[in-house]
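As written, the chain order gives the labels A, B and C, with residue 1 at the start of each chain.
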Amino acid sequence: MSFLQEIKSRDRVFDFLAPQSSRVDVRHGPILYLEDVSVSFDGFKAINKLNLTIDDGELRCIIGPNGAGKTTMMDIITGKTRPNEGSVWFGSRHNLLHMNEPEIASLGIGRKFQKPTVFEALSVFENLELAMAADKRILATLTARMTGEIQDHIDEVLVLIGLTALRHRPAGILSHGQKQWLEIGMLLMQRPRLLLVDEPVAGMTEQEMERTAELLTSLAGQQSVVVVEHDMGFVRSIARKVTVLHQGSVLAEGSMDQVSNDPKVIEVYLGADEEVA
Amino acid sequence: MTSSHSTRFWLLRPFGERTTQLFLGVLLAALALVTVLHVALPQGHALHVNAYTVNLFGKYLSYALLAVAVDLVWGYLGILSLGHGAFFALGGYAMGMYLMRQIGDRGTYGHPVLPDFMVFLNWESLPWYWQGFDMAWFAFAMVLLAPGLLALVFGFLAFRSRVTGVYLSIITQALTFALMLAFFRNEMGFGGNNGLTDFREILGFNLRSSDTRLGLFLASGVALALGYLLCRAIVTSKLGRVCVATRDAEARTRFLGYRVERFQLFVFVVSAMLAGVAGALYVPQVGIINPSEFSPLFSIEIVLWVALGGRATLYGAVIGAILVNYAKTVFTGVMPDAWLFALGGLFVLVTVLLPKGVAGLFAHLRRRHVTQPQEASA
Amino acid sequence: MRRFLSKAFVCALLLGLLPAALAQTDAPPTDDAGYRLLETLDVDSYRAKGEAITAILQSDDERAREWLQALLDGRLQRTDDGRFVVVLNNTGRDWPVEDALSGEPLGELSRRELDRIGINNALRNQLRSAIAVVDLYSPNVERRRSSADRLLGEVDDELFETLTPVIEEAEDDYVRRRLAQAVAIHQAENGEMEGVEALAGSLHPRARVALNRATHADDPAVADAARAALASVEQNLKINRGVETLYFGLSLGSVLVLAAIGLAITFGVMGVINMAHGELMMLGAYTTWMMQQLLPGQPGLALLLSIPAGFVVAALAGIAIERSVIQFLKGRPLETLLATFGISLILQQLVRTVISPLNRTVVTPEWMSGSLIINDALSLTLNRLYVMGFALFVFAALMLVMRRTRLGLEVRAVTQNRAMARSMGIRATRVDILTFALGSGVAGLAGVALSQLTNVGPNLGQNYIIDSFMVVVFGGVGNLWGTLVAGLSLGVINQVLEPWAGAVLAKIIVLVFIILFIQKRPRGLFPQKGRAAEG
C-alpha cells in the first residue's frame, strides 16, 4: 500500500462528513461484490484477482486449504486490510474501500472471528449490550440508560444462545463453545445485513454444531451469511452454494455436489481431504 | 452489579455503589478529622496535627487525584501512559504562572509586571503566552485547557494511527522527556532550571498562613472526591464498558461499530485534565514548580502508585499514591540512600507478586472471608 | 656535513651577518664555551642580545635549541652565584630548576634567588624564527613538520629570503608543501600574484587571512584573483564543515546504534521491554573502569580485555534479570516495562552506594587518542573513529549470529511461533535465556565503547534509554538493519540541526520528529509485514 493511500485512508477516520446513510442499495441483486481484488504481504500474494458476488439473503460457504486467503478476504471486506488493487462494494452504493472498520460495521456488516473474541472482563449481558445496534457515539454511550425494551431484546438473544443462566458471569469463564455462541449472539444483537462467520463450529460438540447449523440457516433470507469453515460435514449440512478458494482466487463455485466433483478441486484440495473423499 | 446498569442519570450512578459510598465516607471522615485535630486541638497536644503535616497530606491528596487520572486510562483503557507527569506539570505551570503574576511588584526586583526571572534575563515585556494569567478565572481555565489541548493533539495523532501498547508508552515517555528539555531552556520563558517559585498569595489569601494551607488541603480533598466521582461515573456508564472492551479486544470493538480512537481520545483528554487539576493543587502547596515534574522518572512513579494500589479500581490508585508517598517521606527522612532501593524493589515486587495490587489483596481476603463459613458448614 | 653547512649558511643569512666568529665552530664546544655563549646573553643591550642569539645558533651546540626555547619562554635565568639555569615549572612559589649547561636538576629555588634574562618583542620574533629554522633540520621528522606548521603566517621579509632555498632542499613532502604555503602567505600579504595563486584552495586560517588582505591589494588583478581564491576557499571550507558534521553525526549515530542494537534483540526479537538496558550499558562501562584499576599503567590492554569482560558481566546480569523477573511476566509487556524499570533504579543505586555517586574517569589509551588530520580544516578524532568501527563490527557480528547460527535460527523460530517451535524440540526457555543474555551482553559492549566517549557514572544508562528506544521504534521493531539506519540517521539529523538550533533544541526537534513519524508509520522505517505483524 502506498504511503499516500495510507494517509488518505487514515484521514477518513475523522472525516465527520462521511455519509452516514446506511440504506444499502440491493435493487440490483448482489449485497457484496468483490472485483479483481489483490493484496500481497512482502511479495506473497495472499489474494490474487479475486472475484466474488454474494446475493442478498444468500447463505454462502467458502472453503479452501490453509493459506487460500479466506481470512484475508474477510479482513478486506471488514476494512482491516486494504487491498493493493480491485474494488469492494456493499450493495451498489457503498464502496467499502473508502471506509474504516467502525463505518463498515455500522453499515451492517458483522464479523465473527476465527478465534472467538469476546470481552472477557465483561459479563455475558454486557457483551451483548455493547454489540447491540444503537447510537455508538461518545456522548450517547456516556449517557446511555438501560431500558426495559433493551433488556427484553438482550434476554431474547440470551435464550437463543442458551446463556441465560450465565448472564451475569464474566465472559472469560465461558467454555470455548459457549464463547462461540456468545459471539454469534453478539452478531445477532448487531442486526447486520451481512454476517461474516469465520469457523463457527470449531471446538463445538456434535449437538452444538447442529444448533449452529440450524441458527445460521434460519438467518439466511433476512440476512446474508458468509461462512468460512473447515468442517466439511458442517458445510454439507448448511450449504446451498459453495465457493472454493485456492491461492487467493476462486477455483470453483456451485453446489456442494458440483464442487466436490470438480476435478480441479479434487486435485488441489478435496483429493487430499478424507472427510470429503 | 445491577447498579452499573441502572436507569439513573449517568453522573448520579456512582452514588448507588457500595465501594463509592465507602470511599467517599472514608475520605470525608479523614478530611473532617484532620481539620478538627488541626483547628480544635492546641499546639503541643499529642494529637494536634500541625500545619506542616496538613500541607503534606494536601500534597498526598493531589498526588492521589493524579493517580486516579492515570488509573482511568491505564486500568480501564489499557493505555499505559508514561507521560502523565507532563499533564500534571502543565496544570502546575498554569497555576504557577497565576501565582507568579500575583506577586506583582513585591518581587526582589520590584518590577510591577515582570516576574523576577524575566527581569534577570533582561526581558523587556511579558511574552504573549503570559498574558491573562493575572486573572484567576483565565489561569484556572488554562489549568484544564493546557494539558487537555496537549492530550488532544498528541492523542489524536497517536490513536488515529493506532499506536497503542508498549509503543504508546514509549512515545509518551519521549513526549514528557522532550517537554522537560524544553522547559529547562531559559528562552522558553518559564523560569528555566529554577522554575516558578516565591509565591505569595492565592486569590488574596497568604500562602504561608496555616489557614490557607488547611484550605488548600480541603480543596485537594474535595477535588479528589469530585474527580473520583467523575471517573466512577464514566467507568460505570456504557462508555466505560466500551473502554474495557477496547482494552481487552480493540479490533473486536471496532468491528462492533465503535470508533475506538474517539473513545480513547475522549478518556485520555479527561484524564489529562484531571492530572492538570492535580498539578494546579500541588503547586501552591509545595510552593514551587520546575521542570523536574516532567522527568520520566516521576511519570513512571505515578504508574507504580496505581500498580501498587491495584489498577482498574480507582480507589486502589488513591491508596497506592498515599502509601508510596508516605513511605517516601519516611524513607527520605530516615535513610535517603535506601529510598531508590525500596522504590525499585517495589516495582519488581508489585508486578511479579502482586499484579492486582493492594485492592486485589482486599478482594481476595473478602472472598475468603465469605467462602470460609460455607466450607465450614459443608 | 652538508646539513651542517647549510644550516650555518642559513643562520648567517637570517641575521644578515657573516661573522668572523664562524671560526669558533672549528673547536668542539666545551662547557666553558657554552658558559661563555650564555654569558653574552646577560647584557643590557637588546642589540647585543640579538648578536648573542646569533652566536648561539651558529655554535651548533646541541643544547642551543633548548636554551633558545627557554629564553623565549622566559625560563632561562641566572642564579645569584652566576650559574645559568632553566626553570622547569614556574607556577608555584618555589621553582624546580636544572643547570643549563649540564642539565642536572638543582632542586627548587625561590624566585627571589633567580634573575630572568629579559627579551623584547623583536627578539621574541627572532627567536621564534630561529627555533623554527633549527627545527627544520632536526633529525626528527615530526619536529620538522610541526616547525613547518608553525611558520605559517610567521614569515617576514628576512625569513622569506631564508626559506626560499630551503623549500627546494626539504626531503619531506609535507614540509615542502607547508613551507611553500608559508612563503605564499607572505607573498599574498604583500599583494603578489604568485602567492595568491598558490593559496587558491588552501584551507589554513592564516591563508584565508592573507587572501583577505590581498583583496585590498593595489593591483586590481591581484585583488580580483584573491577574491576568486577566497571564494573557492570558502566553498572548500563549507564542504569540509559538511564532512565534519557528517562525521560527528555518524559518530553519535554509531553510539546510538550500539546502545540500541542490544535493545533491538531483546525488544524487537523477544518483545521484552527492558528498561534496565541502559544500566546494563553502565555495567559494561564500569567493567572497563575496573579493568583499568586492576591493570594500572596499561589502559590499552585493559580496554581490550574489557570487551569480553564487559560482554560477560552484562550478559550474566541479563540472565539474572531474566530468571528472577522477566520469565514470570511473559506476555505482559507493560508489567515487564515497570519491573525492569525497578531493576534499573536498583542497579543505579547499587553503583552509587558501592562505588561512588561521582563519575569515574576511564583512561583513553594512547593509540586511541589524538586525531586523524585530513587537511587544515578537517581532523577526525581517533576515539570516535574506533567507536564507529566497533559499532559496525558488533552489528556485523550480531547479524551473523542471527542469520547463520543455530541460536539465531532458534530465536527466530521461537519468536514467530513459540508453541510450534517447542513442539519441534526447541527448548524455548533456553532460547529466551540465551537471547536475553545476547542482548544484554551487547549492551555491555556498548558500555565499554561509551566509556571512551563520555563520563562513566551511575546515570550513564539513563541518558541513553529513551534515545535507544526511539532508535528501535524508528527503525522498525524486529529489524536489525532498521536499527542501523535509524541510529545513524538520527545521529546525523541531530548534528545537522545542532549548529542552528543548539544542542537541547536539536534533541527536542528530533524527539518530536520521531513522535510524529511514529504516528504516520507506527511500525517504523522498515516494518515487518504480513500476518505475523498483525497481532
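By definition in this document, contacts are C-beta pairs under 8 Å (C-beta built on N, C-alpha and C of every residue); 3 or more make two chains touch, one makes a residue touch a chain.
In UniProt terms the chains read A = Urea ABC transporter ATP-binding protein UrtD; B = Urea ABC transporter permease subunit UrtC; C = Urea ABC transporter permease subunit UrtB.
Note that the structure is predicted; figures quoted are calculated from it, not measured.
Undergrad: Using the mean of all protein Cα atoms as the middle point, what chain has its own Cα mean nearest that point?
TA: B
Undergrad: If every chain is reduced to the average of its C-alpha atoms, which one ends up farthest from chain A?
TA: Of all the other chains, the one whose centre lies farthest from chain A is C.
Undergrad: Averaged over CA atoms, how far is the centre of chain A from the centre of chain C? Could you give it in whole Å?
TA: Roughly 65 Å separates the two chain centres.
Undergrad: Round to the nearest whole Å and give the separation of the Cα centres of chain B and chain C.
TA: Measuring from centre to centre gives 48 Å for this pair.
Undergrad: If you average the CA atoms of chain A and of chain B, how far apart do the two points sit, in angstrom?
TA: Whole-Å distance between the two chain centres: 43.
Undergrad: Would you give the residues of chain C that are in contact with at least 2 other chains, written as numbers and ranges?
TA: Answer for chain C, listing residues that touch two or more other chains: 520.
Undergrad: Quick check on chain B: which residues sit in contact with 2+ other chains?
TA: Chain B, residues with two or more chain partners: 160-161.
Undergrad: Which residues of chain B touch chain A once you look at their complex with the stated criterion?
TA: Contact set of chain B toward chain A: 1, 5-10, 156, 160-161, 234, 237-239, 241-242, 244-245, 247-249, 251-263, 266.
Undergrad: Quick check on the complex: what are the chain A residues that touch chain B?
TA: 10, 13-14, 78, 80, 100-102, 105-106, 110-111, 113, 117-123, 125-126, 129-131, 133, 136-138, 141-147, 168, 186, 190
Undergrad: So in the complex, the part of chain B that touches chain C is made up of which residues?
TA: 80, 154, 157-158, 160-163, 165-167, 169-171, 173-175, 177-178, 181-182, 184-185, 296, 300, 303-304, 307, 337, 340-341, 343-348, 350-352, 355
Undergrad: Using the touch definition from the top, list the residues of chain C that touch chain B in their complex.
TA: Checking each residue of chain C against chain B gives 273, 325, 328-329, 332-339, 341-346, 348-350, 352-353, 466, 469-470, 473, 504-505, 507-508, 511-512, 514-516, 518-520, 522.
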